[in-house]
Amino acid sequence: MKTVQKLTLDDARVIMAGAEAKAREIGVDMDVAITDDNGSLLMFHRMDNGRITSIDVAISKAFTAAAARRSTRAYGEVSGPGGPAFGIHVSNQGRFMIVAGGLPLFVDDQIVGGVGCSSGTPDQDEIVAQAGIDAFLRSLGREAAP
Amino acid sequence: MKTVQKLTLDDARVIMAGAEAKAREIGVDMDVAITDDNGSLLMFHRMDNGRITSIDVAISKAFTAAAARRSTRAYGEVSGPGGPAFGIHVSNQGRFMIVAGGLPLFVDDQIVGGVGCSSGTPDQDEIVAQAGIDAFLRSLGREAAP
Amino acid sequence: MKTVQKLTLDDARVIMAGAEAKAREIGVDMDVAITDDNGSLLMFHRMDNGRITSIDVAISKAFTAAAARRSTRAYGEVSGPGGPAFGIHVSNQGRFMIVAGGLPLFVDDQIVGGVGCSSGTPDQDEIVAQAGIDAFLRSLGREAAP
Amino acid sequence: MKTVQKLTLDDARVIMAGAEAKAREIGVDMDVAITDDNGSLLMFHRMDNGRITSIDVAISKAFTAAAARRSTRAYGEVSGPGGPAFGIHVSNQGRFMIVAGGLPLFVDDQIVGGVGCSSGTPDQDEIVAQAGIDAFLRSLGREAAP
């Protein structure tokens, strides 16, 4: 057997607050999803002008980032025509999302969750997801992304 | 055109706080989902011991209650073998949930959302969903369920 | 080869007008779907207070009635536990609807379409579907259901 | 809570009449779908030579345009290989349509619905969807697209 760390709902609240604050700062209402290490949904908030289509996209981004332990952007880079992972996006019943905006959450090099955002441009989505992760790492006394 | 009222994310926070407080009071961690009037997800929280299977069940309960404008319990009563709506539970891609624990949210007799809970018994689930609705109606100065 | 008769969009308009008139008469806004002989959608109208969940249910009722050439009520009667068709409702990706309110449309004993209604009780749904069929048969100079 | 405007069935009739008139004018029978602001189907008509495959395509175009608040053409432009949203088309259970012919309907800068057309070329589909929107805006005394 092995011992792993799991996110609690209170941990998710810290991540969500960080993401929502960044979304308000850049002026783009978002759909924000947070999953556990398995990619199972832990928390979801749709801000007032978040898109309806982004409900599914945000949840799938968080699922993919956690369950594949890699950013959705990184998958996008290798999943275009001619790329080594072309076609992967139809797997997992279409939930394998390769658009930027989904980030894995590691603590001590161990996967503990995923954060997925949608409604802005993919770059904006990723900035908001990163802000959620940074807020959490800071709350642990860890160093956030530079 | 007609004019209707829509829930905001802040409204959903009030509902969620009411549901979480009741879940803690009865000692059963829940998955709680809140949708808008069309059944589209607005907010989801999985408490620390909420079930993984209940993610989908809670979301589908909230969807059904809002989009059909009726409690999932009421549908369960007419959808058993021999009942007039037997078979309805496979509609909407299996998202039509007929297990108690999903309640429609009406304000001034107009549907504005749905609340779905899962992880406890169906009766416990419904009590927690009702507590969310009551907290919201009270915040509006409306009378909550007796 | 064989020659068959196919509904036109104008035929569907006659059916829809008959159904909408009956729905208004009984005071229940409906979702009304009309398919061709294959069960493929020809027309769909959601009245102002029609249910969101009934979009799928009405379309599936019309599909089932046309494609199985039998009322959804008749299937409901043989599809309960212990019945000879128990389990049929999960076939066709859950689109095989066995709740009353879907009727096949025959002209000269030949299937030409299906009408499916949802939002009222199954009995109300069926009355509205029948009214659509009757209006069409009358427009052809055929005798409507007694 | 916030107050929004919703399309009625009578509003959808105006949009549909405008789209059908344009389809006849350009001589291409269409499948035309109209949704509410959440992307839930309000009305669907298949003209006599409309395609069977276009039933799903038209409905998904209308869904996408309304629920993402953006034309499906605009999504197509950023969702090709190498584009920032490549892969988005498999989201929402494959209902995220990025082929031109789906347009969002805004009234007073607020999303109220979507119109999706299919059976012609994507350009023809979009022209017919736009004609439906223009007819509706004119009926409100608003200025239609130039």
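First chain written, first letter: the chains are A, B, C and D, and each begins at residue 1.
The criterion applied here is as follows: a residue touches a chain if its C-beta (ideal position, glycine included) is under 8 Å from a C-beta of that chain, and two chains touch if they have at least 3 such contacts.
This one's a predicted model, so the numbers in the text were calculated from it and none came from an experiment.
Colleague: Farthest chain from subunit C, comparing Cα centres?
Modeller: A
Colleague: Centre to centre, by mean C-alpha position, how many angstrom separate subunit A and subunit B?
Modeller: Averaging C-alpha atoms per chain gives centres 26 Å apart.
Colleague: Please compute the C-alpha centroid of subunit A, do the same for subunit C, then give the distance between them in whole Å.
Modeller: 44
Colleague: Determine the centre-to-centre distance between subunit A and subunit D, using the mean Cα coordinates as centres, and give it in whole Å.
Modeller: Each chain reduced to its C-alpha mean, subunit A and subunit D end up 30 Å apart.
Colleague: In subunit C, what residues contact two or more other chains?
Modeller: Residues 48, 52.
Colleague: Which category does the touching pattern between chains fall into here: line, ring, star, complete, or other?
Modeller: It is other, because the touches fit no line, ring, star or complete pattern.
Colleague: According to the definition of touch, which chains form touching pairs?
Modeller: A-B, A-D, B-C, B-D, C-D
Colleague: Quick one: in the complex, what on subunit C touches subunit D?
Modeller: Spelled out, the residues of subunit C in touch with subunit D are 8-9, 12, 38, 40-48, 52, 55.
Colleague: Which bits of subunit B are touching subunit C when the two form their complex?
Modeller: Contacts found on subunit B: 2, 38-39, 64, 66-69, 81-82, 84-88, 90-94, 96.
Colleague: Which part of subunit B faces subunit D closely enough to touch in the complex?
Modeller: 1-8, 11, 36, 38, 40, 93, 107, 112, 140
Colleague: Write out the stretch or stretches of subunit A touching subunit D in their complex.
Modeller: Residues in contact with subunit D: 48, 51-54, 56-57, 60, 76, 79-81, 89-90, 93-94, 96-100, 121-123.
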